[in-house]
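You will see subunit A twice below: alongside subunit B first, and alongside subunit C after that.
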Partner chain A sequence: MSEAIIFTLLAAVVVIPALLVVTLKNVFHSALWLIVSLTGIGGLYVMLAADFLFAVQLLVYAGGIMVVLLFVILLSGKPEDWKVAQVNDKAVAAFLFSLFFVFIIATTLFGWQIKTTLQEPRLTTGPLGQLLMNQMVLPFEAISLVLLVSLVGALLFTVKKKS
Partner chain B sequence: MSDGIPPQTTVAEYVGAFQAKEKRKQRSWRMAALQLVLLVIVGVVAVSLIGELDPRVRRGADLLRSLLVMGRAPAWVGVSLLLLIPALLLMLLIQVIPLFLVWWERKVAAHMQVRLGPMAVGGFHGWAQTIADAIKLFLKEIIEPDGVDKWVFRLAPMIVFVPSYLAFAPLPFGVGLVGYSFDIGLLYVLAVSGLSTVGVLMAGWGSANKFSILGGLRAAAQIVSFEIPRVLSVVPVVMWAGTLSLTGIWEAQAQPLGGWFPKWFIFYPVIGQISFLIYIITSIAETNRVPFDVPEAESELVAGFHTEYGGMKFAIFFMSEYAYVFAGSLLGAVLFLGGGSPLFPALGFIPSWAWFLGKTLALVFIFLWARWTFPRFRVDRVMDLCWKVFLPWTLINIFLTGVVLLWRGL
Partner chain C sequence: MIGLKHYLILSAVLFSIGLFGVLARRNIIGLLMSIEILFNAAALNFVAFNRYVHPSMLWGQGFALFIITLAAAEAVVGLALVLAIYRGTKTVLTERYNILKG
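Let's look at the complex of A and B:
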């Protein structure tokens, strides 16, 4: 029972700020609400006993990516840019597409066979490391390579050419 | 003349006065050294008489539990009380630590500049100065400038402060003295302390002030950059200890090598020292202190992101900075200095919490020392230092640790 209450609260912390992100006019405020939403997702990970994922969610999303996002907003925006219109002529198409997306997710979720076990939740950090370094080493390295390529690409775009 | 030499004297009188002054100085040095030794001896005796705090804490918890059972309270009351009491104690601690550290910082600064620092308030070396300052800050009017983004401006100090409090949860203070021990303690501390950057950016943007916004931008760039070598510098420790739990990392360093030499991580040849140096320097950069104080550089940005904050709101920024200094030092003591384990087994009669306190304060002193000896880095040089020096060295360090671990057969 208490778990249901906590889940409802966390879901509210995820969903309401997420709605605010897309409805608020001020981009800076939207970004701040997105941080709240991402932290709420971290809370859901804690409920699922995925403690490592929770810490990484805070470290990478709330603490890293979102700070860089705020940084970009502060550097790029002119004050009048913070009050631009939020709907353009593709609103109807976007709405239909999101409805389709919701439909896909709903059918997937309701068709899901959920198994429950009485097993104690195990520690995640150690097994995760073993998995990444043994069975999953090829995808892991592939992702690392993709990230490295994107880093080098970003450098290529930003470094000024000496004439 | 302040040094007791009267004007218009002969050479012989001058030399005599000078020699007398030198003798006085020597005597005062000797007295100070004697006082220091006595202080250390009295401190050690007092601390060993108090002994380990763990059994008392446990007895107190048992007493509370049995009282609740006698009072027929439901189970959740006991559980939440046993979680709430450490939380409240940590809250008190985080408010007392800045008071002490600010006083200590002012004394250290003063003595490094050959002055005395606060001496008047409270009698003994001005110990009550920061308490008086805190009362003054409490009584100040809170001023909100026109044109601020109201809620962002108001919430920013809280968003900076709350993570600094949360970061204390898994930090151990001695055997059994830990707010809430969990398996990913180290990662949690590093992750939560990164959240304060959001508050700094909010303060910078919400103030509607050019100095603030520049300070906020600089702070965000610096903290996000230095977080990477900071996290990577503790990876070798985790590789050696094989756990992310802070208590586990400390226990991995507890058994002395060959029966007498401390197996602290800082004594591991080359790897340990590089890790420790990078950890301490990046911790100083994370707390925005000199020599990395470009976000609040007084000579360029007035006060950076907290230019527009006054009274208690400013004090909260200040408290969080000192809380981070203490938390970083405590974490450094756990990771590199063996936590609560004694230097030599013969010194085992000093309880673990005293070792913790001593090591932490020693590391805090490094923070203060650096602040009052180094000039400020230039903004671009800070970033160069982070990305071109620390990052490669941490990666080399991790590689070396991996090689050694493989060679030893894990």
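Let's look at the complex of A and C:
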């Protein structure tokens, strides 16, 4: 029972700020609400017994990405950009499509039978490290390369050219 | 009792919110934030399936970790592109980004 209460609270903490993120006029406020939403996702990771992912979610998302995002919001854009309408003229169609998407997924899930098994939660940091260094070592190295290339790419795009 | 389907429904709702943001948002940075919501919905699905279908393995969590890493790389490159475009066009509204129209 308490699990259901915690799940409902976390779902509200995730969904309501996410709605505010896509509807608020002020992008800075949107970014601050996005931090709340991402932290709520971290709480859901804890409920799913993924303790290492919770730490990574807080460190990388709520800590790293959001700081970069807030910097870019402050570096670009004028305050009058935040006063105009924030959705384009396709907003109604986009809203209906999103609603349709949820409806399709929900009706599909309703008639879906899947066998679930539950285990006692255990600490995942050590086993996850073993997995990353043994079976998943190829994607792990690939993702390192992607990170390096994105770093170099970001530098390439932001450095001013002297011509 | 909270089961797998609760998480899947929540993830679908989150995904559709992000989808609405990507389709309808005018501000380019708001669009990037909506993409972050999409990434999170996908990662939540991975972890929920890991917990409820194969709890003895950790592959779902490993892939969620990769999604978070890719999201970080995407955010860095995307925001650098936003800054580069903003320097040229002096606007953050996506419908003004029509400089390729000739």
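We take it that the second predicted complex is superposed on the first by the 135 of 163 C-alpha atoms of A that agree within 3 Å, B and C clash if a C-alpha of one lies under 4 Å from a C-alpha of the other, contacts with A are read in each partner's own complex, and residues count from 1 in each chain.
Following the convention adopted for this analysis, contacts are C-beta pairs under 8 Å (C-beta built on N, C-alpha and C of every residue); 3 or more make two chains touch, one makes a residue touch a chain.
Remember, predicted model here, so these are calculated numbers, not experimental data.
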| item | value |
| --- | --- |
| Partner chain(s) touched by A:29 [first = subunit B, second = subunit C, both, neither] | first |
| Partner chain in contact with A:68 - subunit B first, subunit C second, else both or neither | both |
| Partner chain(s) touched by A:119 [first = subunit B, second = subunit C, both, neither] | second |
| Subunit B versus subunit C as contact partner of A:58, first or second or both or neither | first |
| Dominant contact partner of subunit A by residue count, subunit C or subunit B | C |
| Which superposed partner A:16 touches (first subunit B, second subunit C, both, neither) | neither |
| Partner chain(s) touched by A:46 [first = subunit B, second = subunit C, both, neither] | neither |
| Footprint overlap on subunit A, comparing subunit B with subunit C | 52, 56, 64, 68, 75 |
| Residues on subunit A engaged by subunit C in the complex (per definition of touch) | 3-4, 7, 11, 14-15, 18-19, 21-22, 27, 30-31, 34, 37-38, 41, 44-45, 47-50, 52-53, 56-57, 60-61, 64-65, 68-69, 72-73, 75-77, 81, 84-88, 90-91, 93-95, 97-99, 101-102, 105-106, 109, 112, 114-119, 124, 127-128, 131-132, 135-136, 139, 143, 146-147, 150-151, 153-155, 157-158 |
| Subunit C to subunit A touching residues, read off their complex | 1-10, 12-21, 23-27, 29-30, 32-34, 36-37, 40, 43-44, 47-48, 50-53, 55-56, 58-59, 61-62, 64-66, 68-77, 79-84, 86, 91-95 |
| Contact set on subunit A toward subunit B in their complex | 28-29, 32, 35, 39, 51-52, 54-56, 58-59, 62-64, 66-68, 70-71, 74-75, 123, 125 |
| Interface residues, subunit B side, partner subunit A - complex | 149, 152, 182-184, 187-188, 190-192, 194-195, 197-198, 201-202, 204-205, 213, 216-217, 220-221, 223-224, 227, 231, 244 |
